[in-house]
Amino acid sequence: MLVRIAAHNAVTSTEIVLTNARTLGLDARAMSDGQGGMAIGIDGELPDGAWDVPGVISVLRKHKPYMLASRELRDARSVVRVGDVAIGGDEPVVMAGPCVIENERDTIEIARMVKEAGATMLRGGAFKPRSSPYAFQGLGEPGLQHLARAREITGLPVVTEVMEPDQVELVADYSDMLQIGARNMSNFPLLKRAGRAGKPVLLKRGFSATIDEWMMSAEYVLASGNPDVVLCERGIRSFDTSTRFTLDLNAVPLARELTHLPIVVDPSHGTGRRSLVERMSLAGLAAGADGLILEVHPNPDQALCDASQTITPETLQRIIRKGHALVQLLDGEPVTDVLTTLITA
Amino acid sequence: MLVRIAAHNAVTSTEIVLTNARTLGLDARAMSDGQGGMAIGIDGELPDGAWDVPGVISVLRKHKPYMLASRELRDARSVVRVGDVAIGGDEPVVMAGPCVIENERDTIEIARMVKEAGATMLRGGAFKPRSSPYAFQGLGEPGLQHLARAREITGLPVVTEVMEPDQVELVADYSDMLQIGARNMSNFPLLKRAGRAGKPVLLKRGFSATIDEWMMSAEYVLASGNPDVVLCERGIRSFDTSTRFTLDLNAVPLARELTHLPIVVDPSHGTGRRSLVERMSLAGLAAGADGLILEVHPNPDQALCDASQTITPETLQRIIRKGHALVQLLDGEPVTDVLTTLITA
Amino acid sequence: MLVRIAAHNAVTSTEIVLTNARTLGLDARAMSDGQGGMAIGIDGELPDGAWDVPGVISVLRKHKPYMLASRELRDARSVVRVGDVAIGGDEPVVMAGPCVIENERDTIEIARMVKEAGATMLRGGAFKPRSSPYAFQGLGEPGLQHLARAREITGLPVVTEVMEPDQVELVADYSDMLQIGARNMSNFPLLKRAGRAGKPVLLKRGFSATIDEWMMSAEYVLASGNPDVVLCERGIRSFDTSTRFTLDLNAVPLARELTHLPIVVDPSHGTGRRSLVERMSLAGLAAGADGLILEVHPNPDQALCDASQTITPETLQRIIRKGHALVQLLDGEPVTDVLTTLITA
Amino acid sequence: MLVRIAAHNAVTSTEIVLTNARTLGLDARAMSDGQGGMAIGIDGELPDGAWDVPGVISVLRKHKPYMLASRELRDARSVVRVGDVAIGGDEPVVMAGPCVIENERDTIEIARMVKEAGATMLRGGAFKPRSSPYAFQGLGEPGLQHLARAREITGLPVVTEVMEPDQVELVADYSDMLQIGARNMSNFPLLKRAGRAGKPVLLKRGFSATIDEWMMSAEYVLASGNPDVVLCERGIRSFDTSTRFTLDLNAVPLARELTHLPIVVDPSHGTGRRSLVERMSLAGLAAGADGLILEVHPNPDQALCDASQTITPETLQRIIRKGHALVQLLDGEPVTDVLTTLITA
């Protein structure tokens, strides 16, 4: 059941409904509705009296199963803040960095390069899910330390993957945003723990997850008390193996219809081919994405993993310049700003 | 075997190689290489002397199976002309119109509307492939006549589907471009006949065709003597049924790498959802498409078919204006032109 | 609308309903209901009086869109006769032969071999759909003549593919059953023509066709007046490329629930790997298939096409012996028969 | 690198190669080769002298990435023992029970029923992965206790799912075999922990995992020191939604070619439709599966989860009787045994 309450009655009325629900043993959670009021999601049905409070705007008995993630609860777009960076705001956010953290010096060097190219967040793997037990599985905690050091120096907030519930606190200590990888989208114990870690979560879509399943996984994080979830489309598995995965950009405008959560796109994994990354990055932004996550290395062919999909800092810079101009163009920003961008690009 | 011959020797040397190949019973076909010279595709191996002519730039013994469609033969982008319209040139081409031709009056009205909105070609089905034998299968020849009448009045060239070999001449008589639908991408007798009809061909990708299979189908048309093929990505079948199909934009930059043929995108069929068409159209152009094909109706909900994916002329106009600006922006046109577009948009 | 009429009133009442429907301009077709009475499928709604005839058992206003193919019309299993062979009866039917007809002598030799191995029908391609325009496309009419000659000698009825509407009569002249290939499952003009050719049709499932789309394609043939359709599951396209296609045996028991038409399985194309054909043949029969279609060649590695999925006559014989025993076992035949089979196998 | 050593030198020579490998810092693991000798998998290359020991049969430098799971290491079929039950032996093993453990009484009742029907292992979920955070997630430890109690009473060994690394020891304490669910096939921390728990592992295939990825996940368990892995095919995700998943029986004979590990089939999840379970169970055994895992409930429609795919004990009994007879028939058991089975069935 979803209950919306108007701005002037929000505090008291919300309190009453939450108390009534919990007294009846029902899961209930409140969230700003994005228009000044409050929205309450209740996992079950309140009896008539229990929600009949001042300021009720609407009561929805039939709703999406992902009630906290749904636009039915909050018909506005959420902005998720990671340090100074706002994901879901006016500017596209670009997270960039190496596939895997190799050592401190290179991590800092790449961080500087991607910052100079215009990226506003640093990505990089310390714990790496690898198909083979014999493959390099990442540096672990030392990798996290290198990332933290690179942040110290560049000021870029850090997003990095966490693979198991017991590592959540460790990864949260060193990083600014927890990445849940595609293989773990339905790792529910991990989602619950990430939901209680006090850090924003970047939730990648499983490569054969339906849009609804993806929303339900976001709901796990939200229902664990963490409102700061950013979705990430990273390619689905299809019959066509000419690309490693099939970046599903349809998911971008569709997700925007279904949820208030921001969404970014990962054309590196989504295509697996370096030569397609630039065009698919721009296409992702044109489709409405709030940002990009990209694998970047000064010498892509020498990267320890994902070499074939890694771009150079030069390509990154071009993507960011064109991407900003494109977003300004499509979102109807004043023409003069676009002009400035174009002239300086 | 692929043989490239330099500009100044092109005519005579090409003639010799073709003659030698055909004397040996081999299929051989020449094409401009896009750089002033000629390129010859031979289905088999010439003995050493047979290609040793003045001006030979390169000989490729190992090449893609779709040798005429491949960039190995012609490392430039082809432009396909349909009436006054150039597909694959600087401007994105927009083909728009109803799913199915219903009557003359409406056809003319819609043609006028899409022209006013900025479309440069008219689409509409006279022969319709329908899953059910009991569903309306299109008007047939009268539908073609309505399309021809609408062209007469608006000047818009017409593209319309042909479903069987025996109809090719009929459809070619009335229209300017033959559409081969997704279900017929591997209808080889139809491809061969369309290749001999003297009209450009719009070749839709089958909804579970790999990129290579699509190129091979284009090769059927090219090998039948018709160089004017435009590819159309229209959505693939995936496990996710939240959209009717999954528009595969990865195919756009990938096709541009593999072939010199132009490529357009069909977000109407590719998504099956009206609300996603605008964003996916823009994403398609950002991905590098040479144009769009869109289902448009003044009252989408009353369209005889595909209502749920049909947009209004107003949406079409917005897509075209934004789309032109976006293409100018990304392809590095002078800033002042973009400015003009933005101001007038 | 579906109308069922009891046995004793069948003839007259059916006549009346058909006449009433057609007078109203509705498509209507009658079929034995498999229980002595008649079933009438009408594409539309008859007014109340128009179907109120003696002997009406039931009237169904909501039904599957494939009303003639559905078990709602005929709740029994149809038997399709091809020469002396009954597909859908007690015995599994095995159609075997080369991928492509190469010459008369080999065709006759293979026909003798598969007959000796226990096959009851001969398969072989005279017209071959090939991805490449440069690949061997089959012998055409001479190939049909070789097939006809092999039938004359062995007595095995022949099934062979027809690829375009204009060839239907030609292929029907030489063969006993028309095969519609996977690529042509939605070639509606071809389905209609095949429906009027007076020969049974083997309808392969498109490799990305849903079960419902497959049933609708069968409906095209049935609605064209041909009740003799046999379905063939031949593998779907999935993300996993370790087999050429993914033979979808779920389709077998599911099709048996949905339709009265017989169904056979093609493990040769369905797996693309010789070593999997025997096990998947047996699995297909265990799943409930009425028969198999298999590519067989005395020297599989020298077959002109599909070498990697072609089995030897020895493997064929083993499949047939085990297959017969398995069907007797599962369908509850008297134990002594099974015993006999086992002893002689 | 794979090294095979003959029987009479096995102990000493194996010891030497292992020591040499480990001295060089390489991962190395020995396993019986199924023919009396030993096989050693080394993650890397030994220098020439280091493997030149008495009794070396073969050295393979190029091999599958899943070297311990591969038949290249052990060209025989492994038998995994769970209590008294041998999976991979002559008899098909049937694991049956409710989707989710509801309470002690029902668990015992169902256990008795499935035992009587012929099942030799009990399945049932105490920890349940659910798409929705609001859905019932299983009883947890009390559920494990009910299972243990049912085992005590019936003697049936228990297999149950474990969802996170920290639960592995708990689940191992109560059960006889650890199930890794499809959603966790690539949960590498969980695989590693399960590999060290001292209990056999049932590894379900992820619903969009390739065969190679599945083998690599098995390799994680094997490389962690646990040789007792049983694979389970449980349906893949395809474009066709007429069944919940698409049980991929091709995977059965293919897995038998690639690995020595036993494989069972789950037609309950693989189809999601009760009416298809019997036929697909038999097809799975005909395809070569070593057993089945089935959801059973005395009143399927009242089961707390997966009601639509749950069968009755009566259906289970029929599947087991027919399944045993079918396996005897196909694997060439003496006819008299089959006869006995048929007569008593």
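A, B, C and D label the chains in the order they appear, each numbered from 1.
We adopt the following convention: a contact is a pair of C-beta atoms (placed from the backbone, for glycine too) under 8 Å apart; a residue touches a chain by one contact, two chains touch by 3 or more.
It should be emphasised that the depicted structure is a prediction, and the values quoted were computed from it without experimental measurement.
Chemist: Name, by label, each chain that touches both members of the pair subunit A and subunit B.
Modeler: For subunit A paired with subunit B, the chains in contact with each are C, D, in label order.
Chemist: Starting from the Cα centroid of subunit C, hunt down the chain whose centroid lies farthest away.
Modeler: Chain centre farthest from subunit C's centre: A.
Chemist: Does B-D or B-C have the larger number of C-beta pairs in contact?
Modeler: B-C
Chemist: Starting from the mean Cα coordinates of subunit B and subunit D, work out the distance between those two points in Å.
Modeler: 50
Chemist: Rounded to the nearest whole Å, what is the centre-to-centre distance of subunit B and subunit C, using the mean of the C-alpha atoms as each centre?
Modeler: Computed value for the inter-centroid distance: 36 Å.
Chemist: Touching two or more other chains, which residues of subunit D qualify?
Modeler: 208, 237-239, 241
Chemist: Spell out the part of subunit C that touches subunit A in their complex, as residue ranges.
Modeler: Interface residues on the subunit C side: 208, 237-239, 241.
Chemist: Flag every residue of subunit D that touches subunit A in the complex, lowest number first.
Modeler: Against subunit A, subunit D makes touches at 27, 43, 65-66, 129-134, 137, 163-166, 183-184, 186-190, 192, 207-208, 213, 216-217, 219-220, 223-224, 237.
Chemist: Can you tell me which positions in subunit D touch subunit C when the two form their complex?
Modeler: 208, 210-212, 236, 238-243, 246-250, 252-254, 257, 270-271, 273, 275-276, 279-280, 282-288, 322, 325-326, 329-330, 335, 338-339, 342-343
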